[in-house]
Amino acid sequence: MSVTNVLEILQKKVPEAVECQNLDVKFVRGTDPQIKVPSVRVGAVAGCLKEAGFDLLNFLTAVDYLKEERFELIYQFIKTSDPAFSVIVKTDLPRSGSPSLPSIVEFYAAADWQERETYDLFGITFVGHPNPRRILLWEGYPGWPLRKDYVHTLDKYDNGSEIGLP
Amino acid sequence: MARGPWAVTGPWTPSQTPDALRKRYTRSLFFLAVLLFPLIGAMIWLGEHPFRVVENLFVFSNRVAGWVGISIPAWHLTVISAAMPLLFVLGLIQVAPIFMVWWEMKIAAHIQVRLGPMWVGRWHGVLQTVADGIKLLLKEDIVPIGADRVLHFLAPVVAVAPAFVCFAPIPFGRPGLTPVPLDTGVLLVMGFSGLSVIGLLMAGWGSNSKYSALGGLRAAAQAVSYEIPRVIALLPVVMWAGTLSLGGMVQAQSGMWHGVVPRWFLFYPVVGQISFIIYLIASIAETNRTPFDLAEAESELTSGFHTEYSGMKWAMFFMAEYAYMFLACALGAVLFLGGGAPLHPALSFLPSYFWFFGKTLFMVFLFIWIRWTYPRMRVDHLMEFCWKFLIPWGLFNVVLAGLFILMRSR
Amino acid sequence: MSNDKNPISTVDQIPQTTPSFKGGVEPVGRVNETADSLINGPCFETKMERISDHEMLLNMGPQHPSTHGVLRVVLQLDGEVVTKAVPDLGYLHRGVEKLAEHRNYSQFIILTDRDDYLCAMLNNWAYCLAVEKLMKVEIPGRADYLRVISGELNRIASHLLFIGTFGIDIGAFTPFLYAFGREREMILDLFEQLCGARITYNYVRIGGVSNDLPDGWVEKAKSFIVHMRECLKEYDDLLSYNPIFMDRTKGVGVLSKEKAIAYGITGPNLRASGVNLDLRLQAPYGVYSKFSFDPVVRTNGDCWDRYMVRRDEIAQSCQILDQALGDLPAGDIMGKVPKANLRPPVGESYAQLEGARGWLGVYLVSDGTANPYRLHVRAPSFVNLAVLQETLTGWKVADVVAILGSIDIVLGEVDR
C-alpha cells in the first residue's frame, strides 16, 4: 500500500482527489501520504477509504489559516493491520460565512466527538451529525476560541483585574 | 536521622526493613502483654464481683448508713439491681462502638501497610473515636430542603433503638449473667434486629435525594432477604440444644467431646461448620458491611441512605452499624462458639465473661478482616447469592441436622 | 465581574452574555427533564422528550468519589438499569491548544505534563517527537534509552494507579494502598531523584532529556523491578482472581472488536477486545525496535480483560525495563538543538506514541516563528470516552462505575 495505490482507489469514487502539492519549497511535511479533497466530497472519501480497509479514524482536527482565509481540516485514517502506514486527508473550507461540510459519523463513529470538538472550537458545522452540540465549552458560549481572530468577551468567570477593571 | 524517599536511602528506609519490622512487632507484642497481664490478673482476681457491684455497694452503703444513723429501705436494692443490667447494656452499646471503631481503624490500617490513628490519646490514637464523637456532636445538623422532617428526624432513632432491646437476652458469660433471662431469647433477637430496616427506609425516603432513595431501597431489600438464611442457619443450633433460650444454649455447649474438643456447636460435624459459615455471611450482609455494603457504597452512591445526614444523626447510624455488628458477633459467640465456656476446663479460672468477650472480639476481628479484603458485590449478585445459594444450603443443613439428631436419639 | 472592591450583590449585576440566560433561567421542571436538557439548561433548540413516569435522572458528578476527575455523566435510569447516558465534558478544559499558540516550543512542554498528568513523561515525549520530526533532529542513543526507561516506569505508575482506583470502584479498598501507596511511591521517588518532580516532570526535552541519571539510580530501578514482579503476584491473589471481583467485572461492558475500532479506541482497551495493535511493536519509535517483549492481548473485551491487560502490561514494561537498564549506553543526553529561540522550519508534522491509555499524538503546524501556529493533541482518553454513551446502556448503576473505571480516562487529557 502506498500513496499512489490509495490515490488510485480514491480517484475511482472521488476523481477530484489529488495529492497535496508542496505550496512552499521549504515546507516540511510529515512522511505520511496526504491527499486533498474538496470539502463536499468528504463523505464519499470516508466511505471509500473504509471499504479500502482503513478502519480506524485516528484524529480529526482543523487549522485556521487566517491570512489565506481558509480552514483546513485534517483527517488521519489508519489500517489496524498496518499501523505504520496512515493516510491524511485534507480539505479546505472558506472562512467566511458559516463553514460547513458533511459529517462522516455514519462511517467512523470516532468522528462523533472529534467533530463536536472541532465545531466547538472553530465553528465548523458538520452537516448530518446526530448531536451537533458543543462538547468542551458550555452551550451559549460566545465565539469560537481556536480561531485566530477570536477575541475573548468577558463573562462571569473573569474577574477583570487583568484588563484593568475595578 | 534523615529519612528521605527510599530512592535516596535505599530500597527500604531503615525502619522498614523486614528485620526492623520484626523487632518492632515483637516489641509491641511485649508491651501489649505487659498491659494485658495485669488486666487479666485483675479479671481473675475479681471474678464476677464487678457484676455484684450493686449488691456490694448496697451492703457497704447500709453499713455506712448504720454508722451515720440512717436506714435505706430494701426496695431500693430491688429497683437498682433490676435496672443495673439494663444500664449495663445501655452503657455497653455506647462504649463498645468506641473501642470497635478504633480497633477497626487500626486493623484496617495495618492491613493496608499504614499505621492508622497515632496521635489522639498519646498511645496509638486510643482516644480517636472519642474525639470523633465530640466533633460529630458539635457539627451543624443539616436537613435538606424538601425532606420529610419527621421521617428524617426519626430514621436514626428507629435504626438504633432495636439494638438496645436485642442485647437484653444475651448471656455475657455464663447463663447467670444475662441482663434479662428469656426463654425465647433467639426469637426476640432475630425479631427486633429486623426492625431496623424500617429506619433505613425512612432515611432513604425522607432525605428527598435520589442517592438516598436508591440506597435505602437497596438496603431494605438486602436486609429483608438476608434475615432468612440467618434464621435458617440458627435452626440446627436450636434443634440440637432443644431450647430457644440463649442461656440454655450456653449450657448445652459446656464440657468437652471425648475430652479433646470443646463442645461448641462450631465443632459439630459438618452441620456446625455450614451453619457457622452461613450465619457469618448472612450477618455480614445484615449489618451492611463489605462485601455487602452497597447500601452505603461510597464510590457509587456517595453515601447511600445516609448521604444527607450530618453530625449526631449520622453518628447514630454509624453507632447502629457497630451495635448490630457487636450483636451479631455476640450472638455468634453464644450460639456457635460456646458463649462463656472456656477452651479447656483447666482454663476456667479465667472468668466466663472474659471468654465471652474474647470470642465476640474474635468474631469482630473476622468481620473487620473480611471487610478490608473483599470487593463489593453487585445488588443482583447479592440477591442471587442469598436466594439461590445460601437458602438452599441452609435448608439442606437443617435436614442434615435433623438426620443427625434422629440418629443420635436412636 | 466581581472582586473585593465591587462584590456582586444582586443577580442583575452578573453580565448576561448568553442568549439563553437572558431574562432569568427557566426552571427545568421534573416533567420535561431529559438527560439532554439537563446538560445544557433551557436549550431551545433541543427537542424535549418526555421521559416515562418510571424513569429517573441521576446526575453522577462532577464532584463524585468515583468519576476519576471532573466528569459528569447524566444517567436516565429505569430502576437500577441505565437506559441513556450522556457524558458532559469540559470541566477541566484549560485551552491548552490555544495556549500553545502563545508559548515557545520549549515552554509548551510544561503544558503537556498537565494533559495526562498520570503519565506525564509520555506526554512530554509525544510532543518532543513531533517537534523533532519537524526539525529533523538526531537524538543521541543514551537520551533515547532514558526516554524509554522513564516512559515505561511512568506507564507502570499509571497502571498501578489504575489497579488501585479500579479496586476502589469495585469496593476493594486495600489494593489501592498496595499499588498506589507502596509501589507507585517507589517509582515517584525514583523520578524525584531523577528530575526533581513527582508528577509533572518536564523531563523529556526537545532533542533529548534534561537530566542524566544520578549515581546508583540504575541499581535502585532494578531492585524496584524485582519488587514489582513479586507485588504483581500479590495483586493477583488479592484482587485479580477474587471471585467477587470477577463476578463484578467479567462479562460486564463488553466492547466488541468492530465497535472498538469504529470508535477509534486504542491502547489497552483495544487490546482487551482482541486486536493486537501496539505501536511499540508494529510501528516502533525511539529504540523500541531493539527490545523484544511479548504483546498483551485478550479476547473478551469486558472489564476484567481491560483490567488484566493493564496488569499484564506492567509485567511487559518490567521486561522492557530489564533490557533497557541492562543495555544503557553512555553518551550525551541532549542532541544538537538551539538552547534558546527554537524555530523549527515552516511545516507540519504528526507524531504519536503508545501512551498508557492509547495512542497519544501531537499534530503540529509551524510557521517559522518561535511559537507553534497550531498544535492539536490527539488525546486517547477523549477518543476512548466517546464509547461510553453506547456501552453504558443496559447495565446497572454499579456497573457504570466499573465500566467507566475500566476505560481508564484522565480528565486532563479528555478536556485539555
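The first chain written gets the first letter, and so on, giving A, B and C; residue counts start at 1 in each chain.
Assume a residue touches a chain if its C-beta (ideal position, glycine included) is under 8 Å from a C-beta of that chain, and two chains touch if they have at least 3 such contacts.
Note that this is a predicted model, so its numbers are computed, not measured.
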Chain pair showing more contacts of the two, B-C and A-C: A-C
Distance-to-centre winner among chains (Cα means, whole assembly as reference): C
Chain A-chain B separation of Cα centroids, rounded to whole Å: 63
Distance from the mean Cα position of chain C to that of chain B, given in whole angstrom: 44
Mean-CA-position distance for chain C and chain A (Å): 23
Of chain C, residues touching chain A in the complex: 1-3, 5-6, 14-15, 17-21, 39-41, 43, 89-90, 93, 95, 97-98, 133-134, 136, 259, 261-266, 275, 277, 279, 282-283, 345-350, 352, 359, 361, 363, 365, 373-374, 376, 378, 382-383, 385-387, 415-416
Chain A to chain C touching residues, read off their complex: 24, 26-30, 32, 55-59, 61, 63-64, 74, 76, 80, 82-84, 88, 108-110, 112-114, 117, 121, 133-142, 145-146, 153-156, 158-161, 165-166
Complex interface listing, chain C residues touching chain B: 56-58, 64-66, 80, 167-174, 177-178, 181-182, 185-186, 188-190, 192-193, 217, 220, 223-224, 227, 238-239, 242, 244-245, 247-248, 396-401
Chain C-touching residues of chain B, taken from the complex the two chains share: 5-8, 10-11, 108, 111-114, 210-211, 214, 290-291, 293-294, 297-302, 372-381
